[in-house]
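Chain lettering (A, B, C, D, E and F) follows the sequence in which the chains are written, and residue indices restart at 1 in each chain.
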Amino acid sequence: MEMLSFTISNLWMMVCIVLVFIMHLGFAMLEIGLTRSKNTINILFKNMAVIIIGLLAYTFMGFGMMYSGPQGGIFHFGGFGLRIPLNAGTPQYNPYYTFWTDFLFQAMFAATAASIVSGAVAERIKLSAFLWFSFLYVTLIYPVVGYWHWGKGWLSGIGFHDFAGSTIIHSVGGWAALIGILFLGPRIGKYNGKVSTIEGHSIPLATMGVLLLWFGWFGFNGGSVLSADPGKVSKVLVITTLSATSGVVGAFFSSYLLFRTYDITMVINGILAGLVGITAGADIMGVTDALVVGLISGILVVLAIVGIDRLKIDDPVGAVPVHMVCGLWGTLAVGIFGEKAGLKQLFTQIVGIFSVGIFCALGACVIFIALRKFIGLRVSEKEEHEGLDINEHSMRAYPDFRANQH
Amino acid sequence: MEMLSFTISNLWMMVCIVLVFIMHLGFAMLEIGLTRSKNTINILFKNMAVIIIGLLAYTFMGFGMMYSGPQGGIFHFGGFGLRIPLNAGTPQYNPYYTFWTDFLFQAMFAATAASIVSGAVAERIKLSAFLWFSFLYVTLIYPVVGYWHWGKGWLSGIGFHDFAGSTIIHSVGGWAALIGILFLGPRIGKYNGKVSTIEGHSIPLATMGVLLLWFGWFGFNGGSVLSADPGKVSKVLVITTLSATSGVVGAFFSSYLLFRTYDITMVINGILAGLVGITAGADIMGVTDALVVGLISGILVVLAIVGIDRLKIDDPVGAVPVHMVCGLWGTLAVGIFGEKAGLKQLFTQIVGIFSVGIFCALGACVIFIALRKFIGLRVSEKEEHEGLDINEHSMRAYPDFRANQH
Amino acid sequence: MEMLSFTISNLWMMVCIVLVFIMHLGFAMLEIGLTRSKNTINILFKNMAVIIIGLLAYTFMGFGMMYSGPQGGIFHFGGFGLRIPLNAGTPQYNPYYTFWTDFLFQAMFAATAASIVSGAVAERIKLSAFLWFSFLYVTLIYPVVGYWHWGKGWLSGIGFHDFAGSTIIHSVGGWAALIGILFLGPRIGKYNGKVSTIEGHSIPLATMGVLLLWFGWFGFNGGSVLSADPGKVSKVLVITTLSATSGVVGAFFSSYLLFRTYDITMVINGILAGLVGITAGADIMGVTDALVVGLISGILVVLAIVGIDRLKIDDPVGAVPVHMVCGLWGTLAVGIFGEKAGLKQLFTQIVGIFSVGIFCALGACVIFIALRKFIGLRVSEKEEHEGLDINEHSMRAYPDFRANQH
Amino acid sequence: MKKVEAIIRRSKFNEVKDALYAVGIDFFTYWDVTGVGNEKESHLYRGVASSRDIQRRYLSIVVSSSFEKRAIEIIMKAAGTGEIGDGKIFVSDIKEAYRIRTAQKGPDALN
Amino acid sequence: MKKVEAIIRRSKFNEVKDALYAVGIDFFTYWDVTGVGNEKESHLYRGVASSRDIQRRYLSIVVSSSFEKRAIEIIMKAAGTGEIGDGKIFVSDIKEAYRIRTAQKGPDALN
Amino acid sequence: MKKVEAIIRRSKFNEVKDALYAVGIDFFTYWDVTGVGNEKESHLYRGVASSRDIQRRYLSIVVSSSFEKRAIEIIMKAAGTGEIGDGKIFVSDIKEAYRIRTAQKGPDALN
């Protein structure tokens, strides 16, 4: 009986691993879709590398750092490599999943955090700088924050609630994205005199990417229940879906009211906004809560995209608005809506947001400063003009098509 | 024990929800693939909107209308919003799935019905008209028909059999597609003097779309068993696969005999034909039945594509041949092949086909007439020439590529 | 209790079927991505056909040939069509899955073996020759080899270990690919005087294809456990992932050291190399074994790509390096790493490799010679210049885009 | 011989082509270009408006001098809408023309 | 100086290029165009046949007048198949040529 | 009237365009071409190096004869980097120009 329930929950978690995995394809397609074709191989390369770096870094250090520490702590080093327990495959390890499932699910999450940065710094960062950044950030920063909350460190001790990672995953990625952009500066041609547009080269791939992300999110949030509990998991799926849905409503109406246009890139960012926004509280929100949280996420993402652009912060894919802004909003929302709503919880959430934010931002700064010094962050002006593909990869993404390069 | 079997079945249903969800990506890719690049954003926008509209409309009204009515009825209004039962997450709600799973699975189906229309009316319908149509059709028409059969209304009372929706989903979408096309008329340039071709702009995306639809169909049909019953579900998967397979055989040979060409768009429509055709009876057909039903579906879809074109009915993606013609054929086939074959059943199936057909066609007519009056159905000639993307969305789907516009 | 565990394992197997199915989309995208746009429809057509042919051939003969023979045998003919046992849907058929699940999982594998050939012979093989080859090879060759090992034939009798098919699937496909290339010769323009490059037309689609293959591989290897055993399956998933990961590391560093470039096509081939390499032993390898096996696979694939090119063997997508070379390496690795490592096992593995290799290569030769005689293998020079799409299919894959044809 | 080069709206191409065919000018070459001129295409992407140069179709028609006038008149009529952006026609001399297939020269090579 | 413009089959491009290189003409510009003429490309899509204008390659080669003849001969030979659709060559005058890099003028600017 | 045709680096296009605008030449047509010349683009694909012809932008500007010099000077300045591959400018005669919208002829039709 125990064995059967163990098998079922483990099965669900394995399904979720597979779903979270395919989110990487989603990120890759979204990012290339919203950038120019002359940089496509470069972005794909970064996205592939990030999966590998994320998984390996997590294997060699991250999992140990994040999950083997003492309760309530701040930092923990768990040794190198995977420590495979004797009961790795039995319910004695955990009544709901094996050691292997546990590790792989968490490793896929780690890789996700790194993926978020990739789109924001696209079209101008040096490949080597990005690879080093990802490696260091996933090895040194993410597992620390992860330990604080999911590894039963101090944040979990004070009652911080972040179900599937609005803060622990999305804002961790989002902060790094923001710092990265600030260090790099905008792409050439984006803010000469006036704000101009650099349109993404393939709206179909961008849209596909977002639908694949939504698809994967069923595993991301659904798996974060950490069991196959029918009531809990299926409710999480509904809540997640409804928030994504109302995220679109928010983004659609706010972008329509502001610009009188049906901007599909806003709609797809609205989906992601709703998904990120509900990720912190998908387990404790009701139907109406989800609809409201999603709606506000959708509005926020549009306002943030416009606002950030006004500040001449050049984020080609909207990573900061989606992952940082909506990540923070979702974390806050746990104190405002749903089962745990209350001033005390709100305060705890704010503590979590700030401590994670400061740690990540500082960490990202230190890494970027070091990289700027040792290898440089930005490609040359000539490379940026001609495209990173031909310069860093000696190839073109679409050699058979005649391009309107710009 | 009961709890475990509940957990397992619910788990399978959740997997199926995720699979049905990704069918929307399949529809989107198929539709843009078979149309011109100047209308790609418009079609993607419609497809994204349809998911959102389908899910929200079903949340606010559809689910209540469809599932809370009395046995044998014709129409039922179930109130607004979701009525969450106290036992939502327990086997007392249903021994095989939670309330949440139930709702989400059905909501994904509802969104599917609306997606079908989108491709047929593509490249000329006004965006606002399409959005209103989808909203009204999913809110007012689909749940009524759904109630007749799956909600235990009158059609289910007389013994109508439609396992996963050849009639209830596909023909509902197909009828609306047909009526929509008739109201809109053909695209400019399709039938000037002689029948000409307007080729789809990306065969790879169209093919990808169909394989994703097949992928999702495992959840569509597999989930319609409404439990994880191993024998039943796995047989449904085999039957579904074999029908898709022989659908290709039918479409391949009939198109080859007719035109002496290897037309891949016919092959992919053959897959869909086989899938739609078996959807009504996937639970009661044997292996040979499935092969025959699929084969006939594949032949029918080719004949219907050619026939409809001769009648100057312009259906860019073949929605009417696939979803309406094969939907009807599949429903009929339940009376001819498989466990329930028999004259009486055949007659009942015909009653179902006609009643659903008339109701949907009339409903669609009323909605289109109202929309034609209040907001107009068709974009201007200039917009159609230049493309809907630049006119309705102020963007281009592939700004980096030099187009051969036509 | 038995019923529940049956239901769970069967559920997992069904999930794996769906995952293996989508590998066909992965193959299709990878293959078109790495070839020229003038041959895209042709390749898609072949890939769709291969799914259908694989499934049908397996239904009509393969499954019977492969699984109903006596222990230790060499050849068996199981009759035509599916023999559905009375206990098809119960644990009496098999405690872990139904007859239907068994059949469909195996049928998806059969279709995979045929898919592998398609990319290697692309851009010059006659469509009809390829279709006949696939049909004959899947009907006559694959089930024999499959019977030897998985059908409890002589190879399984001597202790050959090939968990999910490094030899039985990948090398079977890889040998046919190699023989096909040798019969066909290189594409025009590939080796005139010096080795030149013919670049793939869409790196995004190629990358997408590989991530979809990885996604499907979770089902390919995860399902090969043939139950939902939590410890075993989840470990297989981890081992598979780690090998893919270190496959990239191997391919990245070896291609960087050799060519000083960040070649994304090498990286994606590295993923596949790691996956193919671990497929034989994913159930008996530890974490370090997996990392080493993957690393070597990644290095091997780069060396093989370069070596094969030097030998003027023109394999546009790297099917031989990935599926044959790494398939053989993975099979050997079972004798070197992991639980079964040992000289005796190594020897058995070599016996398996050679017997399968000789049988497949001979079989492929016979088929190709017959086809060359009766219908010819290669398209005309003019057709190859202008592209197979317009000549064999009277269509273009991207009619709206202006091509840089070459 | 003259080379008549016309830069027209893409949406007018079919009408121009039909009109040229009607007078027997069924030999020419065309490609798509970007036009910098009075008309712009306005884009709105992620909240930022911009105006882009517009896509046009470039027709290059080599005609014997006697056909020059007719070709120009026809294009003027079929390509015109009266709104900004109708396009331009440029005429220049062609010294010699050859048909590759037959090695014919001069006006005989034109069709 | 003369501008030699050749509209050829795409499938013949590599042969033409190699032939031009062989006589030292390794400076030119080319792009893909659509050709309206005797040859059409026949399509068959979802049961309907249609014929489309054909894709061709447009070569624009500016040569000093002394090279004109040679260039034309070579293209004629390398691009020809004898079947309909081999293409055309048009020759016109170029008044002046400049190399941007060095500001050289006239025939010196051509290579 | 003269037709000034410039084949430049794509990466220099924006500078050239801005420079032309600055002197009031805001009417022209451009498209992307492939250039065969001294500069090549080197590719490295699956271990094999190759050099390909380079993508360039082709500007076709019809100006009244008085503007010819200015246009050439400006392009020379804005498009130059001093490195191989800066491109060429070719000048030829235009016999007549028409604005389709208004049927204007000659230099009046140019802008």
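Brief remarks on what is shown
Rule of thumb we're sticking to: contacts are C-beta pairs under 8 Å (C-beta built on N, C-alpha and C of every residue); 3 or more make two chains touch, one makes a residue touch a chain.
Keep in mind the model is a prediction, meaning the values are calculated, not measured.
The chains in contact with subunit D and with subunit F alike are A, E. When the CA atoms of subunit D are superposed on subunit E, the rotation angle comes to 120 degrees (nearest 5). Counting the residue numbers used at the interface between subunit B and subunit C, under half appear in both copies, so the two copies meet with largely different residues. For the pair subunit E and subunit F, the distance between C-alpha centroids works out to 19 Å. Centres computed as Cα averages put subunit B at a distance of 44 Å from subunit D.
If each chain is reduced to the centroid of its CA atoms, subunit A and subunit C end up 33 Å from each other. Touching of two or more other chains is recorded for residues 1, 4, 8, 11, 15, 199, 202, 261, 263, 394-396, 398, 401-405 of subunit B.
Touching two or more other chains at once are residues 31-32, 34, 43-45, 92-93 of subunit D. Under the touch rule stated earlier, the contacting chain pairs are A-B, A-C, A-D, A-F, B-C, B-D, B-E, C-E, C-F, D-E, D-F, E-F. Only residues 3, 17, 26-31, 62, 92-101, 103, 109-111 of subunit E touch subunit F when the two sit together in their complex.
Within the complex, the subunit B residues that touch subunit A are 1, 4, 6-8, 10-11, 14-15, 17-18, 21-22, 24-25, 28-29, 32, 40-41, 44-45, 48-49, 51-52, 55-56, 59, 81-82, 84, 88-90, 97-101, 103-104, 107, 127, 202, 205, 392-402. Subunit E meets subunit D in the complex at residues 2, 6-8, 31-38, 56, 58, 72, 75-76, 79-93. Subunit F makes touch with subunit C in their complex at residues 34, 43-50.
The part of subunit C that touches subunit F in the complex is made up of residues 195-197, 199, 255, 258-259, 261, 263, 265-266, 302, 305-306, 309, 318, 404.
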